[in-house]
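Two complexes, one shared chain (subunit A), two partners (subunit B, subunit C).
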Partner chain A sequence: MTWNPDSDVVEVARGPEPGGLGGAYRVFGETLRGLKTSFMRVVEGTHTVEYPEEKIPVYPRWRGRHKLHKFEDTGLEKCVGCSLCAAACPADCIRVVATENTPENRVSGGERYAAVYEINMSRCIFCGYCEIACPFDAITMGSDFELADYNRSDLIFTKEMLLAEPMVRTPLRAEGE
Partner chain B sequence: MTSVLAGPLSAINYAEPWYVQIIKALLIFAIGFSLVPLVLLYERKLLGRFQGRPGPNRVGIYGSMQPLADIGKLLFKEQFKPRGAIGWLFIAAPLISMVAALATFPLIPFSGAPQEILGTKVGLYGLDSDIGLLIFFAFSAIGSYGILLGGWSSTSKYSFLGAMRGAAQLISYEAAQGLALLGVVMTTGSLSLSEIVDKQDHMGLWFLVPQIVGAFIFFVATLAEINRTPFDLLEADSELVGGFMTEYGGGRFALYYVAEYVHLVVAGAMFSTLFLGGWNIPFWNGAPGFLDPFVVLAKTLVIVSIIIWIRATLPRLRYDQLMSFGWKILLPLATLNALVTAIVLVAL
Partner chain C sequence: MEVIRHGKAAGPGGPVALQPGDKEAFRARQLRARDLLRGELEGDDIEQHVRDSIVTTTLDKAAHWAQGNSIFPLTFGLACCSIEMISLVGARMDMSRFGSEAMRATPRQADMIILAGRVSMKMAPVVRRIYDQMLEPKYAIAMGACSSSMGVFNNYAIVPADKFMPVDVHIPGCPPRPEAVVYGILKLRKMIQDDPTMAWRDRYRAHGTEETKPWSLDELEERAGRAAQLEAREKDARA
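Let's look at the complex of A and B:
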């Protein structure tokens, strides 16, 4: 097969050559076009969200700070201390110590309950595996995301903190919004 | 009282007493310095709008205390100096920049006839010299020494590169800037800034119209002269760290920074004086005298806004393009403009 130079020639789209009066005219026109573009941004107004005052509502499936749940009718905790969440946790940030329920001290709906339930938020990666692992829907991911703190030990959330309503409520996006 | 710097007002036997001159000097210094934070905030706010964000709005109402916070932070920083730096030049360079920038501010005339303030007739300008324009060019040339010495004395490669670029750029654009004004000077027959405005007043036509080419060249050359985009090659953050002021910090950096904004204000005021008729309000001849300074300031604000608008839009020029644009396009155009103006003036 002989070499045919024509088949190797690749057509490249090039910009117009600079220079000359035409070039000057074009540069001037493009400059004006750029100025118009940036001016339209002023007319458009700002697109920023003033964050601490103004918060973007989160989606319903947002994985924020965990919540522990109670039965609404009896007020008993849903968590039975099975430690499945701790087993599923890839970051190993959940610690559960289970104890037997007694007739005098009935805490959960099952046989046992979590005497200690701690989540170390500085290690949590918010994957949501704990929520999936839980057979009783006792732990779910909430909507809170403002978890910054001054101290690492303050980031270990105890059972009481997880059961309570979050102090600052994050706006939740309504259906279809 | 005779004045060495004889202006049109001293020609009609008007010279100001010494105490008025001292008060004026202090006032101009104060106004020049207090315009800086205002322009600084205005630029940051407007630049933010151009980028779809509100700009600083945390410190004070609408971010009004932001410049104060910025300058306060800079002044409390440590004054450091590179080990190899040439001490006294390193300290003197920002001062030269600052002085050269502030020295051009008094040249701008803010009103036509002397205003009656507390029974004393005061002309609203710092210095109405016969060679006003020459003083302006002289001080902007001195300003480039501040940049050159600052970059050289800090013995850093980035500073040095920035300073070298700065020297070449400032000198080449000064030529075009000066030549662009020849048309205005020839039409007026004077270098005095207040006479240039008076001429526009009498003609009833701003120099922007007959000298549109000169105005364009002067504007572009001024952008290069005050180191604004697209000619900010001597700062060039993305290539040269900070250009000539890389090694500066704290109060000395603040001096350079303030000088830059004084330059911006002076450039706006100078353009409105030379080409936008100074205190002249079109189609209103009997305007009261106390409006004059505000008219000048309003026109300055317009020019400053346009300069900020350009900063928000255009990218930086390549160095060789910058030089060839200055020497091959602006300088011949300015010369041609001066030539055509001269021919038209003689023919008429």
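Let's look at the complex of A and C:
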């Protein structure tokens, strides 16, 4: 519509009248549109994992608490005390003290064995370099991550603790899951 | 309706009769309670009074139960671990299930500080000050390798948390996954509820160092005098 300067009549475009059903819709319509998103999430259900009772299975490549291994047939330790893991460790958390095997006291498959094998779990960053460095697959990363403790010195894991079959507290994700 | 009065429960032979010493013992208890209210109870009597009132121990247990189930953490992230800490309050690892309802943004409302990340030498006094501002009972969790024992940062700039403040639970990992942190918090809850003597005041034998409001002007002056004495002694030792 063009404005005619000669005319006395001026047409004014007004907004909608307040009140009534239309007014109510204009007030609450947008709010409801927003709430639709909220209510659609309610239908989806909860995402909370009830952690101590129900655990998310970890992936096979998840790196958790370390394990030391033995040969299944002979029962000898796989670790020969070469300290390659300690050399590879970026956090310097592994301590290995190697000793010679003797015919009377044969502990490992190689010439030497680890008399002391300690991992300071509070220093460890779970990078898995020790696992890669190990030439005999003596150390691998397990799946356990529940390691919190009250005392820092309790977090230094000894060879016996690492050799023992760990309590399976963390479910492992199955193939293709 | 039969009303059974306390202490006179109906046995097989009717109400139990009072024993000869009962009345005197009751009177002694009554007098102890009166003296306690007057503030005159001292020494062995007060010990006996505490032993008599079973309510205290039960109340203690209830208080510890309540404390363990309402550990409010402080919003305090130092480094990358704090990203995992943030996810604790998310939908998946909902920390409010364990009573850690909301992260408090002021140390005066928090019960627990999660040291999430590396603490540098420069940050250590700040962390210590924040910890000192928290109200008792207070707890600290060192989350991740850096804050519990420096982790990969084996250098001059980083300091492990328990070198400058009492830490209750250490959580290994780099960073620990949220479940591991929840495990640490549950461990802390277990400590509070089962063995409250493991809290820092008992571990460091720091009883008697509580900062309390002085009750009178005399006490305030006495404290000021003690502080001056200590200061003088330190000056002498330095000289």
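As a convention for this text, the second predicted complex is superposed on the first by the 148 of 177 C-alpha atoms of A that agree within 3 Å, B and C clash if a C-alpha of one lies under 4 Å from a C-alpha of the other, contacts with A are read in each partner's own complex, and residues count from 1 in each chain.
Here, a contact is a pair of C-beta atoms (placed from the backbone, for glycine too) under 8 Å apart; a residue touches a chain by one contact, two chains touch by 3 or more.
As the structure is a computational prediction, the values presented were derived from the model and not from experiment.
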item: Subunit B versus subunit C as contact partner of A:Thr46, first or second or both or neither; value: both
item: Touched partner set for A:Ala87, first subunit B, second subunit C, both or neither; value: neither
item: Which of subunit B and subunit C A:Cys124 touches, first, second, both or neither; value: second
item: Subunit B versus subunit C as contact partner of A:Lys55, first or second or both or neither; value: second
item: Partner chain(s) touched by A:Arg152 [first = subunit B, second = subunit C, both, neither]; value: second
item: Touching partner for A:Ile132 - first (subunit B), second (subunit C), both, neither; value: neither
item: Touched subunit A residues, subunit B compared with subunit C; value: C
item: First (subunit B), second (subunit C), both or neither touched by A:Ala164; value: neither
item: Overlapping contact positions on subunit A, where the subunit C interface meets the subunit B interface; value: 46-48, 50
item: Complex contacts: residues of subunit B adjacent to subunit A; value: 46, 48-54, 57, 309-310, 312-314, 329
item: Touching residues on subunit A, where the partner in the complex is subunit C; value: 46-52, 55-56, 90-92, 120-127, 145-152, 155
item: Residues of subunit A defined as touching subunit B within the complex; value: 24, 31, 34-35, 37-39, 41-42, 44-48, 50
item: Of subunit C, residues touching subunit A in the complex; value: 91-94, 97, 145, 148-152, 154, 162, 168-174, 176-177, 179-180, 182-184, 186-187, 191, 198
